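In the two complexes that follow, chain A is the common piece, with chain B as its partner first and chain C second.
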Partner chain A sequence: MPDGSMSGRIGQSPVRVDGRAKVTGAAHYASDMAVPNPAWAWLVTSAIARGRIAAIDEAAARAVPGVLDILTHRSMRGEVGDAGFFAGGGYAGSTIRPLQDDRVRHDGEIVAIVLAEGLEQAREAAYRLRIDYAEETPAAGFGSEGAELVSAREASGGSFEDPGVGDADAAFAGAAIRVAADYATPTQHHNPIELFTTTAQWEDGRLTVFEGSQYVHGLKNGLAAQLGLDPAMVRVESPYIGGAFGSRGSLTQRTALIAVAARRLNRPVKLVATRDQGFTIASYRAETRQHVKLGADTDGRLVALVHEGTEVTSRPDPYKVAGTQTTSRIYACPNIRTRVSLLHADRNTPGFMRSPPELPYMFALESAMDELAHAAGLDPIELRRRNDTMREPIKGLPWTSRSLMPCFDRGAAAFGWAERNPAPRSMREGDWLVGWGCATTIYPTHLGAATARVTLTPDGRARVQTAAHEIGTGTYTVVAQAAAEGLGLPLGKVLVEMGDSDLPPAPVSGGSNVTASVCTVVMQACEQIRARLAAAATEGPLQGRDPATLRLLDGALRAPDGAAEPLAAAMARAANGAIEVYAENIPEGLPPDSLKKLYQGKQALGGGLEGKQHVMAAFGAEFVEVRVHSRTAELRVPRILGAFAAGRIVNPRTARSQLMGGLIWGIGSALHEATEIDRRTARYVNDNIAEYLIPVNADVPQVEVLFVEEEERTANPLGIKGLGELGNVGTNAAIANAVFHATGKRVRELPIRIESVL
Partner chain B sequence: MRPFAFERAPDLAAAQRVVALSASSRAETVPAMLLAGGTTLLDLMKLDVLRPERVVDINALAGRFGGVAAEPAGLRLGALARMAQVADDAGVRRDYPVIAESLALAASAQLRNMASLGGNVLQRTRCSYFRDVSHAACNKRNPGSGCAALGGCNRQHAVLGTSDHCIATYPGDFAQALVALDAVVEIEGPQGARRLPFAGLHRLPGDRPDEETVLRPGEIIAGFLVPAGPWARRSRYVKVRDRESYAFAAASAAVALDLDGDRVREARIALGGVATIPWRAREAEAALAGQVLDEAGAERAAAAAFREARTHGDNDHKPELGRRTLVRALLEAARMEI
Partner chain C sequence: MTPPNRDLGRRGLLGAGAATAALPLPSGPTQAAVPPQQRPDMTLTLRINGKAHPLTLAPRVTLLDALREHLALIGAKKGCDQGQCGACTVLIDGHRVLSCLTLAATAEGREITTIEGLAGPDGALHPMQQAFLEQDAFQCGYCTPGQILSAIGCVREGHAERPEDIREYMSGNLCRCAAYPNIVAAIEQAKPRMERA
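Right, the complex of A and B next:
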């Protein structure tokens, strides 16, 4: 477990409490967890995207020494129940349940599981398993026959409304300056470095699952529903996670299958799926096509904004990101129309991927804003200034705080934006065309109900228990900081336990909510401890002081006049030993049933842009320099800079690293990342990280993060806005805008590659 | 991966004995394969694409076949020399820059430390359909099964030297430098040693894309001999790729020039990333011979190099990219200070 000896209160930059364990290999990830005598599972996934399994020949596979069993739909039918789609109140990221019938519904669907004494034996047998398919012609997505288009509103049964106001089409028709264009974003996969793994172990009817998860309570409850178990009989452990980015947010179907396998073999079973299987057994970012129309008056003030998007999804699941919820709220504009549609195809169900709605939709909006700036002859920053607003335009609700223009101003100064020659193709260095671009970035401030148990012992140590997750963001560290702050202890005296569904539930590590949600409830627990100690301080050095004024600081309970009592003594008055507090918090503005949903493992975040009194989001401005070789058109980003305002920054060190990671991800998303799909077969082709490119160090020589101070008073008592997903939102557009500036060519389809500008 | 026998060959004779004596017991497997760095072989075995019954580690032969030596006649490179070792060699960098650059710009530092020159020239295509056995149609992997890349995802595929049976790109970099410099490959076989022009090692796919080289069973590449020549110092490898490092070539050009002022006495050109085999662009060389090497001259040569190019949809940009890459390489080589 993490231990840190640095001092570190909220706002300071202690090093990660788990950093040493991670770099020395002492941190154990789910598949590192030792279980007695495990059997190994190897997945066999479908070679077609649509059809039926016609025949399975197991003979050669079963002849491999060490093979224990081969699970197929013939032996597994009826074993795994429906956990419901997470967005419809259930748990699963995809309701396609493999091995429950002979249908194949997407490329790489699990069609068999080989169980063997050893990994190599399981793999060899998997290679020898022969499956014959009765193939049907699949629909891959856009342009495919048989794909089915529905409006998001229809698909949601009316619960989703496309945001809009005024008459955008009429206003656009009459606008002095107009731009209208189509944009496209590709399928992308998370490819966290930790592969998708599951280890399942049964002991006396109780199931323990070791699996990297962004929501151990969700996984636990979903598994219980699938397997017909009392949730109390399921435990999920996920102490460390080697990257998730949304891919481990909802239950995937493999887990229950491995649990059933372990029950059948009556011994633990371990699965480490391969990199290519990760492309099809979990989720991904859906491909989109978008249309944006912007109309402005001669001063560049928006009079019309139209944003339409279509997203690919699976046949059964109406997964959508609907980024129009964000793009319709950012700029002042009296007439807005949006529409989101879904295209059902023979694909696995997409899901959350870092900044799910904002990344694709802000690419289109912020590219269009740049096109508008060019058409209006305005500097792109000036265009945003003219359309800046302290109230969102759909309902007229105020932003709790918004520092977009301060971010642009700080960022522009640091980047040297004033030196930019606005004419496309006007800047050059040697053989390289140089372009500078910028874009707005935004991420809504989500919050969730959360619980935590905090125990303070008389020796001045604290233990914090909450089922939050360390997905690499630094959660162990910031939670420890919150407790250190609340109890007046050095960071090294705080032990944080997370990533275990036996701990008090914390929300899904998604939507950038965790620091705000979890630190808030931990602080509440600390406050209850302080209040108990203060109330008991009726005698001794603090006698006669108003309990409300007493604070825990530097290992003592202290009054404003300097009187103090050491912690051990103060505790002796209040309790016989340790003080333990269990706190539950429902953030203001969230429905009262949020807590109940949390205990059920449902995903129930609120806040953000859904508020009734106000809306809240973190903002930023991103600047990039792009170089395009004048002959051979390689695209490179020698420098990138982001200026961000996100309320109170709990730990500038980990925050910076999140935002840097976001900017780097944004570079990859703009220039490298795309899952290629064979349109004839609806199959992924470049399903490995030699061919699915992401930036390497040489692609990100200079990445700069600036924090713009911002006071947030409303979002939560600590004034925290999440920033985990803020960094990569604006980058795609900033790069596309810089490419336009460098080359004069507007590229509206991602990724932007050599052939886009050749 | 399937079970296989593993042996370390202590010397050349032992290696050849193992390979010559092995016979395949099943149709789906091949009898024996040599292991050098293993960075191609093991990947493809894990993917079930290669199924040797025996893997023979030849790294113990590095003492004999692992050297780098500059001789008056030229440069001798052992097949078991590591990519990094040659890329970092001061003499190679000075006298044969195209060789050092082609190696330094390949793969990653870790791979270059591990991978051998012999294995490098024999690396297999990156065609995704070849590397994933769940795609049924691939003539290279499974002769007669068809070619999924025709009409499929073929952005990285070749435009030169293709056939109706296979359009897979030869992915390596170093081989282009060898082809351009007229290198000779030295081969040790059960019947003795033989030498071949390196350009004759790889076969065009034709109707047998599974037969990639002219090596016979039991033959081992011992090394490469790169003749010294007036063009070797003015040589350059330009590699265009989707990211700054650790990516295969979208297009590349190895050029070596013997100049007389601004006039070309002799040009040697090989192209990568665009062809099914390491591609010698003789038409381009002919177009330059005796001519002034300026922008227009370079473009004429590049046009000649891609006259026969055939594209397949996703790779429609390759001829243009290939031409520009070659123009860039020629002009950069002409500007080199030697």
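Right, the complex of A and C next:
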């Protein structure tokens, strides 16, 4: 559990309150939680992407000593029901339900679960299970016969509208300067270092699941729906999560299956899925193809913007990210047309991966902006300045705050941008071609309904309980800081409990909403406590003071004139012992049923770019230097710099880490990461973390993060904008633009590798 | 660079022939004929963090699974189980080793150090742990035990003289949260303190 004794109010940089647990090995992740005498589960996943299971021979597997049972579609008896697709108001990240019939719908679908006394026995038996398939020709995605293209609008039943304004095609035709190009982004997998694990345990009809989750209330309610249980009978514990990045946000298929296995064996069951299985039993970032057209007048002012994108998804699920919602709103432009389409193929269902809409779509837009700058003979920063706007162009709504150009100016100065020779291939050091590129980054400011319970005891300690999640973002720490601020206590006196569905619900740890959503409600709870103490201070040192002016600070209730009463004495007047309060908050602009939905574990965030009065987002500017070897085309990023404005920064230390990690994610996405698929078999090829390349320490020599001060008054009372997904959005284009500057070659397909620039 | 794995590979026990014969398995004429997975459990004693732990294990159990599933030493993490991520790194006789590629049986008679064994009896953190904490050299913390043990090994090997060396010799430990620059800073902070200690 979190500890720490340093002071750390909002805006200060205490070390993480859970840091000691993490550096001593005391932090318990899901598969570290002890359960009595667990049986082990091992998944068997399909070796084909489309077809039927023709035969299963269990004999050799069952002969392995220690094997307890084997679950297949033949032995499952409809025990797992439908929890509905999350985007349609349900819980599941995929509506594909393994082990329900003999169909195989994608590579690596769960087709059997072996249960045994020990993990070695379960593994061995899984390898001995023989499955014969009746294979059908699968469609892998783009260019595959049998893949079905539908418009996102159609797929959504009309609830999704492609944003647009004016007549973009006519305006483009008449524009003085025009660029038009196609872009492509690959399949990518989150690959958190913690594997996908589930431990299920039944006690007196009550199910406890230990599983790394970005939304314990969603998982709990989804499981209850699948298993036909009262949600009160399900508990999800997830105190620490070994990275998530979106992969643990929605209910996945394995959990209910492991719960069924545990019920059948009448004994806890533990699953640690393998790394390669993780590529197909959870979600991933969908592959896209995009087309962008930009038209500008001779000054570089945009007159037309067209952005079309197509995203691969599974057969049944209309999952989309539709980043045109963002790219159509960033720059001033009177004529905009967008269109998003989905390509249904024989793939597992994609899902949220860090900055889901923005990452692929901003790669295309910000690459095209660089192409436009080049065509117009303008500095790329100057082009953004000429198209900067305090109103988004689709509905004309104001941004609550926007510091894009201050970010560019701060970043450019720190990077030394003025030294850049704009001509491609003009900068060189020995055998290395040097290129400098930049791009805009943006992430919408989302908010969710949230609840929290705060207990203050007379000895000056506080306990905060809220079912938020620690996925590496520093949530234990920032929530503790909010309570320390609200109650005037040292950070070390605040204990935060999270990651447990028995706690008051907090929203999904997605969309970078949690710091804003949860700190807000915790501050409200603290305010209730302050108000109670202040109302009771009618005698003693604070007699006669206006209760509204009393503040909790440094362990005392204090009046503006300096009069003060120690906390214990103030509490003795107000309560007989501890004071416990519960607070719930629906952020402004969210529908009144948001709390109900939160208690039901539904995903319902607001804010961002969907507001009716205004739009809100954090912005930044990213700068990179690339070096491309003139003979071998080896590509390096010796330095990267981001300048970001995200309202009030609760903890600059952890915020910097988030943004730094985001920038490095951007390097990975631009230069390393792609899940390769065999187009004939629709199967993943490099499903391990030696061949799916993620950045290693040697790939990132120098990363610099700058904060640009920004006052946000509207989004939430604390003025916080989320930033966990801000760092990696602009990086892809910044690197591609730098590669163009270095080599004169425009690479429009990620990742950029040696062969792209040869 | 992957941390050196020396001769403690899985192949030692699961492979055929000569390598198997050298290991402390129950001996007997039938051994060659019995597939490794069906060999009876063996008893062994592992010395971990200065304490002896008697164990009865199947010969194919890895050191990582022995630590986590048989001894409740969950600080060592499983991130791939195939030598690709470094999350399972422990020290054996002071050298960094991937415990997922090491059979528990081959670690008998050696001194094993896990993350649980680094802090002093009074709870004082090892200089490397302290530096990771102060430099915010982690986010989710899952790779962290492996990073810290690998970092200690890196310093002891003399591979922490320059930041370029640290980056190279720490590249066998993946961090998906990408705390890399802070990890380098932590090692630079801890190195002189380790050398003084």
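Keep this in mind: the second predicted complex is superposed on the first by the 757 of 758 C-alpha atoms of A that agree within 3 Å, B and C clash if a C-alpha of one lies under 4 Å from a C-alpha of the other, contacts with A are read in each partner's own complex, and residues count from 1 in each chain.
Following the convention adopted for this analysis, contacts are C-beta pairs under 8 Å (C-beta built on N, C-alpha and C of every residue); 3 or more make two chains touch, one makes a residue touch a chain.
It should be emphasised that the depicted structure is a prediction, and the values quoted were computed from it without experimental measurement.
Among chain B and chain C, the chain that touches a larger number of residues in chain A is C.
With both structures placed on the common chain, the touch criterion links A:E124 to chain B and to chain C. After overlaying the two complexes on the shared chain, residue contacts for A:A572 are found with neither chain B nor chain C.
Once the two complexes are laid over each other on the shared chain, residue contacts for A:I193 go to chain C alone; chain B is not touched.
Judged by the touch definition given at the top, the superposed model places A:E755 against chain B, while chain C stays out of reach. Using the contact criterion defined above for the overlaid structures, shared-chain residue A:T654 touches chain C, although it does not reach chain B. Within the superposed three-chain model, A:R636 lies in touch with chain B and out of touch with chain C [touch as defined at top]. Shared-chain residue A:V696: touches chain B and chain C both. Counting contacts as defined above, chain A residues 120, 124, 688, 690, 695-699 meet chain B in one complex and chain C in the other. For chain C in complex with chain A, the touching residues are 37-38, 58, 60-61, 65, 68-69, 72-82, 84-85, 87, 114-116, 118-119, 125, 129-130, 132-134, 136, 138-145, 148, 163-164, 166-168, 170-184.
Contacts from chain B toward chain A in the complex involve residues 1-3, 48, 126, 128-129, 131-136, 148, 151-153, 155, 238, 240-247, 250-251, 316-317, 320-321, 324-325, 327-328.
Looking at the complex, you find that chain A touches chain C at residues 15-16, 18-29, 31-32, 34, 64-65, 118-120, 124, 190-195, 240-245, 272, 274-275, 470-474, 653-654, 656-658, 660-661, 664-665, 668, 688-690, 694-703. Taken together, the chain A residues at the contact with chain B in this complex read 45, 47, 120, 123-124, 127, 276, 431, 629, 631-634, 636, 671-672, 676-678, 680, 683, 685-688, 690-691, 693, 695-699, 753-755, 758.
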